[in-house]
Amino acid sequence: MSQVKEFESERERLNELILGKNNKVLKRIFNLDTNAFAEGAIPVKTKEMLGLVASLVLRCDDCVKYHLGQCHKQGLSDDEVNEVLAIGNLIGGTIVIPHLRRAMEYWEALKTES
Amino acid sequence: MSQVKEFESERERLNELILGKNNKVLKRIFNLDTNAFAEGAIPVKTKEMLGLVASLVLRCDDCVKYHLGQCHKQGLSDDEVNEVLAIGNLIGGTIVIPHLRRAMEYWEALKTES
Amino acid sequence: MSQVKEFESERERLNELILGKNNKVLKRIFNLDTNAFAEGAIPVKTKEMLGLVASLVLRCDDCVKYHLGQCHKQGLSDDEVNEVLAIGNLIGGTIVIPHLRRAMEYWEALKTES
Amino acid sequence: MSQVKEFESERERLNELILGKNNKVLKRIFNLDTNAFAEGAIPVKTKEMLGLVASLVLRCDDCVKYHLGQCHKQGLSDDEVNEVLAIGNLIGGTIVIPHLRRAMEYWEALKTES
Amino acid sequence: MSQVKEFESERERLNELILGKNNKVLKRIFNLDTNAFAEGAIPVKTKEMLGLVASLVLRCDDCVKYHLGQCHKQGLSDDEVNEVLAIGNLIGGTIVIPHLRRAMEYWEALKTES
Amino acid sequence: MSQVKEFESERERLNELILGKNNKVLKRIFNLDTNAFAEGAIPVKTKEMLGLVASLVLRCDDCVKYHLGQCHKQGLSDDEVNEVLAIGNLIGGTIVIPHLRRAMEYWEALKTES
């Protein structure tokens, strides 16, 4: 299975495990996520860039992959992605570089598979 | 080997490597850990919940697994575990969700293997 | 004004500013907070200890003060508070000590003022 | 002096102290910052939102204030600012709330003084 | 009172409060700190640089001040301090800059007062 | 392939991917890294210890491995490495232990392969 498909199916499988627990707080956090990234005063495309840079500086590979997938759906260009990643790397420092490496590789995979 | 056994044997193997170095500071940090989680004014079960939530908000998968194992030994119910994880996820934000996913899966493995 | 009163009135003033913005996501996050710390499978007193240790390892003075205030209302003893703080300090390391200092001072203020 | 003026003059005074040291690495980091936030494939206004959300999830009050100032110059509306802050708060969790409080207050000050 | 004196006396006052609690784990963490920074295979001067860079990337102003004080006692030159701070700033990113500003100012105060 | 070789070739492969993007900010961050760790007022060997401790407290396995490799080239003894890791573990807390385990194992691999 491709890197993208593997990530997405694993994510879906475990989200179902979490939501099946019927914990109200966890369910609402998941709902809020959908809400926060919906079209508003700020367009969805920009919001996904916000999600990407926040995930990168907090150094969460899975979150970076998820938002890269959303950015891909929103039609971001290579240059736009690179500029978001560059800002994240400057703010977050060289400690972010290993996550940048994996992000760049995942972005290439997203382009290849589409 | 099961996920639980694999985690525990790898952990033990590398702890022996560390303690074999005879570095006094590292040895004492390991001893302090035993000390801090021993029965005191706060019961062991509650202390393990504290260890779990702290590990989750700091986003350390191995630490989460270790404390989930201890919580399992202390007889925590599913609901108790879910409430600890929910608090950790609320305080730590959605950046914690990938760790929550792996925590939920590991908890299921702990229940299956016992 | 005392340290406790000053903290609480400032917190209330700015919470009102935030909630007055009518941003749905922010309002729901505030509601979730009330929800997550309500009596459940885990009693309120234990949940406040969880909130305290999570706030300490994440090194947020205001969050530590808030949960110390809640722990005080829940009747935690000195020994219980010290054990929570000790666990937080061990897990989070000596980088937590400056926050531990301010936490200890605030706990004393809470006891004096009640 | 107003909160905004005080922040800006203190920031400028200490930047001069740093740049006066003639450390090449530090000077270049400062230059890179100007570079990364300049108009590119992504417009300046969006880049400043990226800087704001990254600063918020990393919980740096001074960085939040700086980027709020830049967002103000770029003409962000209240709703846009609130949506950026909401995304940061959701991703970063309730541990971010004290920084959200101070951000909201500073945004009001920016609007008052302009 | 000077910035240095104020920091040191406040630190001492609150350390006494903590140690007066007689919590064994906390006392031992404080002892370990003395131990870890004592002369060993690595000389004290180098160890204090390690403490400084670790404090800076973890963005703890009080810890940075403490280790700057120790570096001053160990006779570090301006250039040495600047190089440690530059490495910390590069690894930790521009989010570290506000702490760098306060560190630079405190270093000047240490030199003035000695 | 050995653990060391695998890490190094993967790192090189992805660095090339990043640098091939021709993003000016990212390229300069990579250049700055070479610059900051070059011989200066502080010798290279000490700078690599600074890089190691900063990477450890920020809990980045790849960064720890990279700086361990550099420390090995600089001829650090076992005792010196252990003391750096002990300081990092004390400052960063027990949450660092899983990274300490992997660091110790990688250090052994470096010694075996040379």
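Should a chain be cited, it is by its letter among A, B, C, D, E and F, assigned in written order, with residues numbered from 1 in that chain.
By definition in this document, a contact is a pair of C-beta atoms (placed from the backbone, for glycine too) under 8 Å apart; a residue touches a chain by one contact, two chains touch by 3 or more.
Nothing here was measured: the structure is a model prediction, and the numbers come from that model.
More than half of the contact pairs at A-C come back, by residue number, in B-E, the repeat among B-E, E-F or C-D. More inter-chain C-beta contacts link the pair B-C than the other of B-C and B-F.
One simple way to say how far apart two chains are is to compare their mean CA positions; for chain A and chain D this gives 23 Å. Chain B and chain D have Cα centroids lying 37 Å from one another. Listed for chain A are residues 25, 29, 32-33, 36, 54-55, 57-58, 63, 82-83, 86-87, 89-92, 94-95, each touching two or more other chains. Chain A meets chain C in the complex at residues 24-25, 28-29, 32, 35-36. Residues 11, 14-15, 17-18, 21, 23, 25-26, 29, 33, 54-55, 58, 60-63 of chain C touch chain D in their complex. Within the complex formed with chain C, the chain B residues making contact are 29, 32-33, 36-37, 40-42, 46-47, 49-51, 53-55, 57-58, 63, 77, 79-80, 82-84, 86-88, 90-92. Considering their complex, residues 59, 78, 82-83, 85-87, 89-90, 94-95, 97-98, 100-102, 104-105, 108 of chain E touch chain D.
In the complex of the two chains, the chain D residues touching chain B come out as 57, 89-96.
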